[in-house]
Structures are given as structure tokens and as C-alpha cells.
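Chains here go by letter, A, B, C and D, matching the order in which they are written, and residues are numbered from 1 within each.
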């Protein structure tokens, strides 16, 4: 995955025909701008999405630190990889992990060749997570999730600096309250490598034009 | 779902081509004996399984008490229903739920028309769960899961009696350590409405003959 | 414990000199009205409270299903009993338990001679918990906790009826939003055996007069 | 707290008169060797222990990230501080925390002047935790807890190096399977600043001589 990148993360807002529609539109826009775009969905919806798109990085919203065996109702990493999942979000504020679980999940991901996108809240947490060397990190003050308010400039600069001081290879996404092309440009101008959205896209009246606006804004930071 | 029934529950043991193979064999045996057979799998594997079988009750291993919205990494009930899932196992010892979560999940399941199969350990828990009126219950002493030891006769009789005293319409499955046709016959002769297995099937050298042996044993209790 | 009873439950609002002050006032009022009054506190504050009061039922806010051994940072039931704790609240909405944990904790409580007060939200949960036969139950719609709104009459009647149909020996407390003597009288007139409060007392300008008002109201239902 | 130090951590093995006895013996040995000795206990037992000892660092086994308010059954940090608790163990393998909880608890501890001792398993986790700058860390491979096997030399060297590379001010304790003076000397010779034990002490036939042996061994590394 390379800078600039974008994540379309519909959480549990969409399923079935609606998530397929969003996936197709995202696929079209990702192809147009030719940047890395991650797309998350409910696991049961992924096979159909995969059969109908070709430019997305298929990203699971969570996985458990589990190898084949027991584990009723758990998300089995190798089963995701086997179906074409390429990346996984871990430690989201709506699905927080213990440090031991996060560590074990990341070891499994590395073994399987899955990219890891780990969520962080404070500057201290960002530094701690950076020591586990994920592929990317999403910095988002938990208190702002879903509010439509973007992180302030100082938060963005401080988390960026904290992460880069530990491991400059980690891709950094700033995503709190991002809901327009302007928001994307702002966080990337402040130093982020990528951005993304949930409600900023889903609640827009026209998904395609909103995706075009936001992914297009990210693509302006491309140096390819 | 009617008595006698059977559940093939591979937990996280199998995925991809292996789970598809087991699903096809189970489908064939279910058709042969014409009884209700539930089949669980990892969610991402279900679409392919559904496209290749026709006699199974597609059963999720867990779901969250969630309606569309936030819920990163959670299992969304309506997304399961939309893809053809018909039943869900809740409160398995490997995925225990708070009473409030269990209650809320069951309300959602009822609204969506999903059958609920709720796991129970002790006699007291069995009575408590029966008050929530699931479609079926799996009685299994937690200490015996995966051991290959079957519950003793007294446990089976006591849990059966406890559940029936609260709600005689609940289908009762006794499954602890069941790994042969004889085991199935034993628990059903003691009063169970159905049985099922995980390792008893998966660790068998010949899945088809083991499925035939166990599902065939259950079918002998058919009154159709 | 007998009807009518009352619980003063300061949760984590008070500690040190403040909780001691509230305990002394509650002790005084409990003596005046001569009814059963439970009092909860932080565990580290209980020894001093116990040394300074004599009419309270010392009640833990939680305990783990644990016997002596490992269990770093857990609440050990026998250690509570040994110091004079007489009752324990379980499954509060702010500390929900899995059904298996609740069951195991109640078995331990029974063995140790600790009274159990189990919290319930919906009518279905109330019936399920009643099957575990606690000493008392607190019925409180989770959505109303801390709001100052009392449960509506129908909720109170329905949960009372549900519990009594399963086990008429269980003492029933209705506590949602109770913050005055009138509130206490209302829920008890509707059938509750007791009541109690957190913020209704702590946020009152004069703790003693508020305790007198509420415990006095409960005492009017005494038949001693 | 200074090197060399020792932690006596009876977890949930002891309570009442037994924990008091162990505390008094530890107090006596701590005075004899004049090094920093942390002592953990059940919270309800601490007031009596505090009244009967004077050379111990009173250490909670856990606390929640909580300020006064709601929080039924939770451990309130300021209530601990108010009673004389001086330190807290966080993230023990038997009470793992999410990274967000750990971070928030450590911020609270710092504000209250409580020392933090954070448990770690792998080298990667050790580095991550070091970024949160606890007072001390306990390195212990989770798989060895309670087994009586000490960590191998490589694990001790690797975790020591990892932590010191992030923050050389953190005191490092190696404690896996330490049950003799020789074990204490071994881990400290390899670079640890302190050690400690649970079962190594509690299961010894003579607590005082075992404490003397182990704390005495640690004291040999004193440079005072």
C-alpha cells in the first residue's frame, strides 16, 4: 500500500444490495484515480463484492487471534486470507483489543501476509501501537467518532510526529470527522498519508460524487 | 425445525475447500435421511456453501445484538438474514454472552425470523434460558466440551426436565462428546430431540460415513 | 431480609470521609425506622464503615465467581464474607455478567451465606434471573439508569408479575429514577417489596433528610 | 521506588488472617533488608494490613480508569489513593486491559501520584508498554505463569533490552517462575532491577524463611 490511500469503511451501516452498490461505485472511482482504496464490509457480503469489483483492497473490520481449531463464532484469519481478504482493521474504538490480543493478531497477520490497519486514540497510544509496526494506523480521537468534527491540527501533527519517531514506514491515516474533499486535503496537507470516511460518505445524497470528491482530493497528493 | 434434528458445527476447524467439502457431504446425507440438519461455517465461506447445497439449515455461529449503524467488526443480524442464514447459535461456551446481550439478540432474531439455538451448561442456566424461549437449546457441561466424554445420564435427564418444565416447545439437543451413532441414540433415547458434533465428525477418517452413521442414528427417531 | 427494605447504593460517587458520612447517616435512619437497609461502598472503605455503623446490611457492588487461588485483581467472595459483607449486587447494567458467570457467582454466594441482589432490565430477563432464585432483584430499565425518570407503572407491574410467577419468595426492588419519598411509595404501592437510590440521595442537598424521607416512606409498608 | 525491589503478590490465594500474617512477615523482612517491597492484597483486607505494617509499598492488583461517578462494582483510583495505596499493577495476564483502558488508567495514576507496574508478555508488547512510561514493568511469558518454570535467559535479555531502548528509567522486574533466592539472583544478574513471586512464596512451608531467602537475594544487588 502506498501514499496516498483512502479507506471506505461502512461499518455495519450497509449490507446486501446497498453495500454492493457502494463497493461498485468505489471500485469505479478507485480505478479513475488509480490510488490504493481499502473497502470494508460484513464478511458474508464480501464474496459477492469480490466477484463484482477489481480495484479495491478488501479489508476485514476485525479478526481474532486464532488458528484453525475451536473458536465458535470467532473470525478466523486464514479463512479471510483464503477468500481474498488483503487487510484487516484492528483495535477500532467500537471493537477494542487487549494489548496481548492486538500483538497476537498482528503476528498472525504478518504470517499470513495480511496488511494491518490499527486504530489509535491518544498520542501515547499511537506511540505504543507504532512499536508493533502495523502497515498503517488510523488516528482518531475516540470522542470525535461519528460526530462530523475533524481532529484539530495539533492532534494531527502530534500523532503524526509520535508515529514517525517510532517507525517512519507506517502509513498514517487521519480520519476523524472527514466528510469532504476539503477535509481530506486538510489532513493530508498536515502530514497524513491517507484518509477515509464512514458517515461522511454513507450519509451523502450522492455516493458517487462524494467518493469522487474525497478520493480525488487524496489523489492530488499522488507523486506517481 | 422438527425432532429429530442434527447440527454439524465445525467451529473454526475448517474453511475454504475443506468446509465446502464437509457441507456437500452433509447436504447429501441430510437429503438421504430427510431430517433437519443445521450446518455452521465461517461467515465468509457461507455464500459458496449456499450455492452448492440445498438441504441444510444455514446457521451462524454467533451474532451481535445490532441493527444497521455503527458496529465496526460486529456481526449484523439483518445482513445474515439477507444472505440466507436461517438460524444462529448464541451463548456458546467459547463465546459467552451477558444475559442482556442474549435477550437483545433473541428479540432481534425473532423480529428477523431467525431460529435461535442457545447453549447452556448447568441445570439452573437451562431453566433461565428456557424463559427466553429459544427455538432450540444445546445442553453441554462446559467442562466436557472437546473432551470426547458424553454427559452422564443424570445430567441429560435433569436438563431435559428443567427445560420442558418451563417451555415444552423448546427443542433440546444433547451434544457433549457425541462422536458415534451409538452416542446419538443414547442421548435421544434419554429424551433429547436432537444431537450434533464438532470434533466427533472432523476428526473421523471418513467424514461421509461418520455423517451417515450419526445422522442416520438420529433419523431412527423420526416419526414422519 | 424482609419487606420493606431499601438500598443506598453510592456506586463510585463517594469514597473516604464522604462515604463514611453517608454510611453513618444511613445507619442512624435505618435504626430509627427499623427496616432492612443495604449499603454499598468501595471495598477498601468498608472496614471503616463497618467499625462505625451497626444497622446496615453491608453489600458488595460486585464479586467474581472465584475461589482462593489465581485471580489477579478479582473480587474474592470468601474474602468479602470473612470481613463481614452480607450481600452482593450482581449483573448491574454497569457491570453485566454472562449467564454462566452469574450462575457460578450465585452458587458461591449460596455456599458462603451471602445474599444476592441481581439486577434485571426487561421482563424476559427478569423471568430468566428468577429461575436462579436470588434473594432479591432490582428491576430497572437500563435506559433509565441515572436519568431521574421512574419506570412506568406497566413495567413495574409486568416485572413484578413475571418474577412472582417463577418464584414468589424473591424480594423485588423497583429503583429506576426513584428520588423521593413519593417515588418510593409509588413503586411499593404498585407491588415492589423495596426500593433504593443512588443519585436521588447523593445529589440531594441534605442527605439525612433525604434518607429520612425515602426510608421513612418505605417503612410505612412495614407490617412488623 | 529504587532498584533492587521485590513484589509479594498473593493474588487471590490469601485473605483475612492469612494475608495479614504474610504481610507482617513481609514487613519484617523488608525492614531487615531495607529495600523497596511491594505487597498486594484484596482491597477489603488492606486497611487492617496497613494498620499493622510500616515498610511495605501497598499495591493494588488492578484499578479501573474511573473518576468519581457511576461505575458499579468498579475499582475507583482516588478511593485507593485516599486509603494509602501507593502503587497499582495493571494489565496482568489474569486481568488484561485494552490499550485504551491501560492508557487511561496510567494517566489517572500519574495524576494521583500512584506508581504503575504494568505486565507484559512478548518483546513487542514490552516495547509498546514502555512507550506509556510506567514506573515499573513485570515481564513474564504468559505461558509460564504459575508453572514454576523461569523465563529463559534470552527472553530476559530481549525484554530488558527492548524496554531500555525505549525508556531506560523504567524499572524492570522478571518474575516468571521465580521461587528461590537463586532464581532471584539469576534474573537480576541478567539485568532485571527486581523480582517477585506468588506461588513461590505461598506454597513454601515456611513463609518467613522463603521471604528472607528471596528478598535477601534481591538485596545483594543493592548499591545503597
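Convention: contacts are C-beta pairs under 8 Å (C-beta built on N, C-alpha and C of every residue); 3 or more make two chains touch, one makes a residue touch a chain.
The chain list, named the UniProt way, goes like this: A, B, C, D = Triose-phosphate isomerase.
Since the model is a prediction, treat every value here as computed from it, not as a measurement.
S.K.: Among the other chains, which touch subunit C (Triose-phosphate isomerase) and subunit D (Triose-phosphate isomerase) together?
M.R.: Chains touching both subunit C (Triose-phosphate isomerase) and subunit D (Triose-phosphate isomerase): none.
S.K.: If we define chain centres by averaging CA atoms, which chain lands farthest from subunit A (Triose-phosphate isomerase)? Would you check?
M.R.: For subunit A (Triose-phosphate isomerase), the chain whose C-alpha mean is farthest off is C.
S.K.: Could you label the subunit B (Triose-phosphate isomerase)-subunit C (Triose-phosphate isomerase) interface same or different, taking same to mean over half of its residue numbers are used by both chains?
M.R.: Homomeric contact, same residues on both sides for the most part.
S.K.: Please work out the Cα centroid separation of subunit B (Triose-phosphate isomerase) and subunit D (Triose-phosphate isomerase), and write it as a whole number of Å.
M.R.: 45
S.K.: With chain centres taken as the means of their Cα atoms, state the distance from subunit A (Triose-phosphate isomerase) to subunit D (Triose-phosphate isomerase) in Å.
M.R.: A distance of 38 Å separates the two centres.
S.K.: At which residue positions does subunit C (Triose-phosphate isomerase) touch at least two other chains?
M.R.: 93
S.K.: What topology does the chain contact graph adopt: line, ring, star, complete, or other?
M.R.: Chain contacts: single closed ring, each chain with exactly two partners.
S.K.: Which of the chains touch, listed as pairs?
M.R.: A-B, A-D, B-C, C-D
S.K.: Along subunit B (Triose-phosphate isomerase), where are the residues that touch subunit C (Triose-phosphate isomerase) in the complex?
M.R.: Touch list, subunit B (Triose-phosphate isomerase) to subunit C (Triose-phosphate isomerase): 91, 93, 96-103, 106-107, 121-122, 124-125, 127-132, 142, 166.
S.K.: Spell out the residues on subunit A (Triose-phosphate isomerase) that touch subunit B (Triose-phosphate isomerase) in their complex, using ranges where they run on.
M.R.: These residues of subunit A (Triose-phosphate isomerase) touch subunit B (Triose-phosphate isomerase): 9, 11-16, 42-48, 60-62, 66, 68-76, 78-80, 82-83, 85, 89, 92-95, 146.
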